[in-house]
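One chain, chain A, links the two complexes that follow: it is found with chain B in the first and with chain C in the second.
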Partner chain A sequence: MTTNTQANTEGNTQVPAARQRPAPPPADNSRPAARTRSTRLLATLFLAPTIVGIVIFTVVPIVGSVVLSLFHWNVIDDPSFAGTANYREVFADSTVLVSFRNTLVFMALAVALQLLIALALALAVNGRMPMWLRSVFRSAFFFPLVLSAASISVVMKYLFNQDFGVVNWLLGLIGIAPVPWLTSENGAMAAVILVYVWQQFGFSFLLFVGGLNNIPKEIHEAASLDGATGLRKHLAVTLPLLSPTLLVASVVGIINALQVFEQPYVLTNGGPGDSTRTVVMVIYETAFEQLRFGPASAVGVLLFVLIMAVTALQFRLSRRFVHYQ
Partner chain B sequence: MTDSLISRRGLMRYGAYGAAAAALGGVAAGWDRLTGADIPGRNDGSLVVATLGPAYGPEAVRTLTEGFRKQHPDIKLRINAVQAVDWSDFFAKILTQIAAGTAPDLVYVATEGVQLFAQRLGVPLDRWVKRDAEELREYFADVHPSLVESMMYEGSLYQLPVEFNAADMYLNNQVLKRAGASFPAPDWTRDDFTALLRDMKKSGGSRFTPYFWTNRLWGGVVPWLFANGTNLLAESKAPGGAWLWDSFYPAADRRGRGGGFRWTTPQATDARVEEAYDYLASLIQEDLCTRPEGGNGQNLVGVFSTGRVGVTPAGGFWAGGLSLAGMKATDYDVQYFPRWRTQRMQFGAAGYALLRTSKKQDEAWEFIKYAARRDTLMRLFRTNQTTPARRSMLGPDRYRETGPDHWQVFYDTLDKFPDTGPIPAPPQVAEVEQVLLKHTGTALASRGAVRPALRRMQGDLEKAMERAV
Partner chain C sequence: MNLSRARHSLAPWARIAGLAVCALLTLGPVIWTVSTSLRTPAESFDLPPKIIPTHPTTESYRGVFDQIDVWLVALNSTLVTALIAVGQMITAGLAGYAFARLEFRFKKPLFGLVLATMMVPLQVTIVPVFLVLKSMGLTDTLLGLIIPAFPTAFGTFLMRQYFLGMPKDLGEAAMLDGCGPWRIFRSVYAPLAAPGLAIVGVLAFNYHWNEFFRPLILETSGQNYTLPLGLVSLQGNLGTGSISVVLAGVVLSMIPAVAVFVVGQRPLREGITSAGVNR
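Our next item is the complex of A and B:
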């Protein structure tokens, strides 16, 4: 089948395109109901692999966790029904409550820092710069994301060691006394956030670079003609137009941050005290070290509810702050 | 009829879907639980032995497998070297395998997990030990009774120890020389130890830390508690065990032995425990030792071998580690832990535990015996990565290349100090260790922090010990 334009150029016919009638679709004698059914079947077949994957790897584990949270189970003996006892135990456990507080504090600070750094660097890389240098920066900023979080944390643990670490050695060169990065409450949380953000900001950075490239140049030119410059242009033009990307980056960032595990587990083991113990660490310790899968699942369900609530709140707020072109 | 109502045909269709789902659910619920062992090829009839990966490299696995095959060509063996950073991590992974339905037949278990496995998963070896008593007489004559007792639980023996490590003090000879200090005497005291650290600090400069220790159950605060004549949990002995002591050990070695250790009432607020914490806090305040770190001492070998640390507690396993790090035999040495109120020291041992779920228990027992043979251990422990449980394996030849000069200290920690005992590891060990690490971190933040933190530790330990595993 050829298009009208092709007909004009290839067949040298002088009939204006507007006057040409499109070729009628092949006759379909099947009944509308049968057609609808076959379309549905086709759609279902295409969707089936994804649906099966989601059911097996997402829905079943979620339902399994909810069910397990209502039982006592230690892997070795048969499970016994516990009702809401696990939830009561979890709500009365100060370690669990502290871990939720730590996780929320971590999430707020880490995501804010991650988005700020990623946005600043995306704006910088998107400025005037040779193409090859831009590629170098993009790769360099994304590189930490492909590394294992546990491996990075092991190396960082050496670097942040109070007595023998490179970080304190460098600070010592400019006269700053050794900082107890991993052995004081505030220092440990700061170290965990820094290591996490260093590894994670590359993803937000790539999103922002993509988002910035999608903003039409004409809009910036119009803003410049209207007299907007520098920061004013970014605040009034770039940020509102980037808000859909910002929403995606913040949703993904928050969901990831609420599930942080490797960095605090390797760097501080949750310490000193409970100061860097996160919710997922508590789930791991309760289930796989203490063999209490019921309370661990109850904490998991609570974390799931928290993530859903925070994500729903974000989407609700996005109606007010996100501008689609 | 509005859109929100379902047509009769629709109702029948949804009813059919519901019935099909219910039927599927019923079939699934009635079916035996599928496990990892049901995966084709996974269950090949081998005797499966799970070992700690980092301690058992490919060479060790080959040695174990080939040697066993020669002895027992009829038994198919598979060594599953599980990678883990420490024993706690290793046990977590083994329990995950058990939960997945792919439990090994034998698990290499250290003191940290002896009672947990014995209480919930293990099979007592008593009947096989009694049956093969003659064959095992040579083994028990070569292994210190304290190590064997640490593998007993409520009167039964659950493992044959093949290795152990006591917390002795490693000293860097270059640092000693720089400080103008001589090698300490075997009966050195806590005050001698403090004075040595001060001397080292004076000559070491600002980037030097005299004493490095790691916050963990083995070799952390516990050796100081033992030296001060106390423990984290009240310690006693279970009755029983005479069947073993009477059969294999002379009267002198039998005295005071029982059916294994019991660790019960928490005593974190005991005056001697507070005293031990006060002492460590004072060393930290004086800048004589490192603050407790979470996790393990991964960078310890590096800082010790480069002379940035003078003294640290470690076991025989470190001789191999320091040699690999490039230290010569003359660069370091080892001495007993210093005396305080007592000179009781702590150790951890390891051996193979047989799981109840195993369907090859007789074959597994053959492997346990094979793994405890002298020739097997000689091939396995060539590089001094641990202290062999067999006394006869320790000699000048073994330590000529790696050092230390005073290698006799390793086994004499048991022979010359018969009250030396295992780290406190009840079945609730995971929670106990977690509570210990957590509150040790806060207790040593300052001298004023010790008592409040120990009170919280006591409360958490009581909760942990009340909880059944």
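Our next item is the complex of A and C:
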């Protein structure tokens, strides 16, 4: 906070001074020093809102999360040091363990499905077709991204209803018996994954379309001349060239999937049982419904470690598989 | 030769038909939402769904206004989203410019700090953030949603790249004309920054208009609800009774997002593809 007020008072004196400068040109050898000083003051002023905000609302909370995870605290009583007690409590809590398992299962299936759909559609859109048609498809696939995950999950809850939902009606048309989407464990997980992928695949799709545009046309032509066509051409030529984009899409996809909250919260509220309860739902419930800030922070720290570990692993693996041109 | 040509002339139609089916599946839920919101509640569950309502009615929209204070909730959402968007354009514009065009001590570590925070998910820090806001007396206020969202690591990064892309000669020429650092920013570079700022603003609008997690935690009294929160609670109140009312609410809340999609699709697309970790 002190940095902020300091920056403001500096600013009040500095800005008019800078404005006046052009009028009377000061002595030559004093100018560079004055300019450096005023540049620094301007930089301080310009950076203050961002840096102060980031420190208060990101840096302090990260440290705070770790500290809180080491204390017993329920808001009412004074905090007391807990050592690793919160972590031991969390690891002994079957709901927490199940939530990590659910989140990992969700992440694996959702990201795989999202990348697969996005890649197939990007390759298809990249083929020959009228310009206007291409932009219609591109807009359509991108559209779900601008909607609210919470509101769209409200809609999807009706569509996935076992008895009167449109999804089961459509499946009935091709002879599939009604699926208990939201009332069975596997069905609920499948519904959460499908709703999430429906909204998110457009993001990977846009990345892939951009990546495909960056592949020089000559490479494709050369491959065609060598007799490569269709799927084989894509597997042998396009995919390796697209691998940097694949890496970005999968890293971002995984980071986002590990934080899934709105879809299970609205669609199933974690049920039936704990079958769709995710890590972020557990953080929310532990902290803000049960007011157990210590264990909630411990789960948060574990999630953060998990995200970092998965990302690091991915970059490591990618050194072997990603080809840069 | 003949064979490959035959394959080429057949495949495009199959490919385009497949794409059309996928596009229909993608837009289907939205089309169904709009059409059901215009049907009478009695027709809500009709299968096959009547995409074109036989008796179009706006009854459900009146229903939304009866059930929740739509004006208040929409006003809250507008206020929060607009102030965050403007705030982010200001903070990201200024900080991005400083990182791109000003020389000062600790520039590298400070920029590293900004980049590092892009990796930190909000959900991990939400407990301490909540406690910080509580100590400031900002829980259950709109300001509690707005102020923490002002600094934007991604927006700062994006604006830095944007300013770096502008010709350096412009500033040097202005400096030779005797302009101080503030004048160079104000009269030379800032006027060129509008397209970059548009990306930051549109992204902020899209994200915060739809935001659910922070409002759910911070806003406990109905008078501070934003639209997504109001809609989820509307569904809770009504059970499955009058789904057309809930869907009418969803449609109302989509209108601004769709408007931005139509008007600002280009900056939105550029922003989302370069954003990566923005969420």
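The definition used in the following text is that the second predicted complex is superposed on the first by the 260 of 325 C-alpha atoms of A that agree within 3 Å, B and C clash if a C-alpha of one lies under 4 Å from a C-alpha of the other, contacts with A are read in each partner's own complex, and residues count from 1 in each chain.
Rule of thumb we're sticking to: contacts are C-beta pairs under 8 Å (C-beta built on N, C-alpha and C of every residue); 3 or more make two chains touch, one makes a residue touch a chain.
From a predicted model like this one, the values you see are computed outputs, not experimental measurements.
A.B. asks: Considering only the touch criterion stated at the top, classify A:P240 as touching first (chain B), second (chain C), both, or neither.
C.D. replies: The answer is neither, since A:P240 touches no partner chain.
A.B. asks: Which of the two partners, first being chain B and second being chain C, lies in contact with A:P272: first, second, both, or neither?
C.D. replies: first
A.B. asks: Have a look at where A:L291 lands relative to chain B and chain C in the superposition and call it first, second, both or neither.
C.D. replies: Touch partner of A:L291: chain B, not chain C.
A.B. asks: In the superposed arrangement, does A:V155 touch chain B (first), chain C (second), both or neither?
C.D. replies: After superposing on A, A:V155 lies in contact with chain C but is clear of chain B.
A.B. asks: Between chain C and chain B, which one touches more residues of chain A when both complexes sit on the common chain A?
C.D. replies: The partner that reaches more residues of chain A in the superposed model: C.
A.B. asks: Would you sort A:F164 into first (chain B), second (chain C), both or neither based on which partner it touches?
C.D. replies: After superposing on A, A:F164 lies in contact with both chain B and chain C.
A.B. asks: Is A:P79 touching anything from chain B or chain C once the two structures are fitted on A? First, second, both or neither.
C.D. replies: After superposition on chain A, A:P79 lies in contact with neither partner.
A.B. asks: Using the superposition described at the top, list the residues of chain A that contact chain B and also contact chain C.
C.D. replies: Shared contact residues on chain A (touching chain B in one complex, chain C in the other): 154, 157-158, 161, 164, 169, 266, 284, 288.
A.B. asks: Quick one: in the complex, what on chain A touches chain B?
C.D. replies: The touching residues are 74-76, 154, 157-158, 161-164, 169, 180, 182-184, 266-274, 284-285, 288-291.
A.B. asks: Can you list the chain C residues touching chain A in their complex?
C.D. replies: 4, 7, 11-12, 15-16, 18-19, 22-23, 26-30, 32-33, 45, 47-49, 90-92, 94-95, 97-99, 102-105, 110, 113-114, 117, 119-132, 147-148, 150-153, 156, 177-183, 185, 206, 209-213, 216-217, 227-229, 231-232, 235, 240, 243, 246-247, 250, 253-254, 257-258, 260-261, 265, 268-269, 272-273, 276-277, 279
A.B. asks: Provide the residue numbers of chain A that touch chain C in the complex, in ascending order.
C.D. replies: Residues in contact with chain C: 14-15, 18-19, 21-22, 25, 35-36, 38-40, 42-47, 49-54, 56-62, 64-65, 68, 121, 124-125, 127-129, 133, 136-137, 139-152, 154-159, 161, 164, 166, 169, 198, 202-203, 206-207, 210, 229-230, 248, 251-252, 255-256, 258-259, 261-262, 266, 280, 283-284, 287-288, 293, 296-297, 300-301, 303-304, 307-308, 311.
A.B. asks: Going by the contact rule set out above, which residues of chain B touch chain A in the complex?
C.D. replies: Interface residues on the chain B side: 88, 91-92, 95-96, 98-99, 120-121, 207, 209, 290-295, 298-299, 303, 308, 430-431, 434, 437-439, 441-442, 445, 453, 469.
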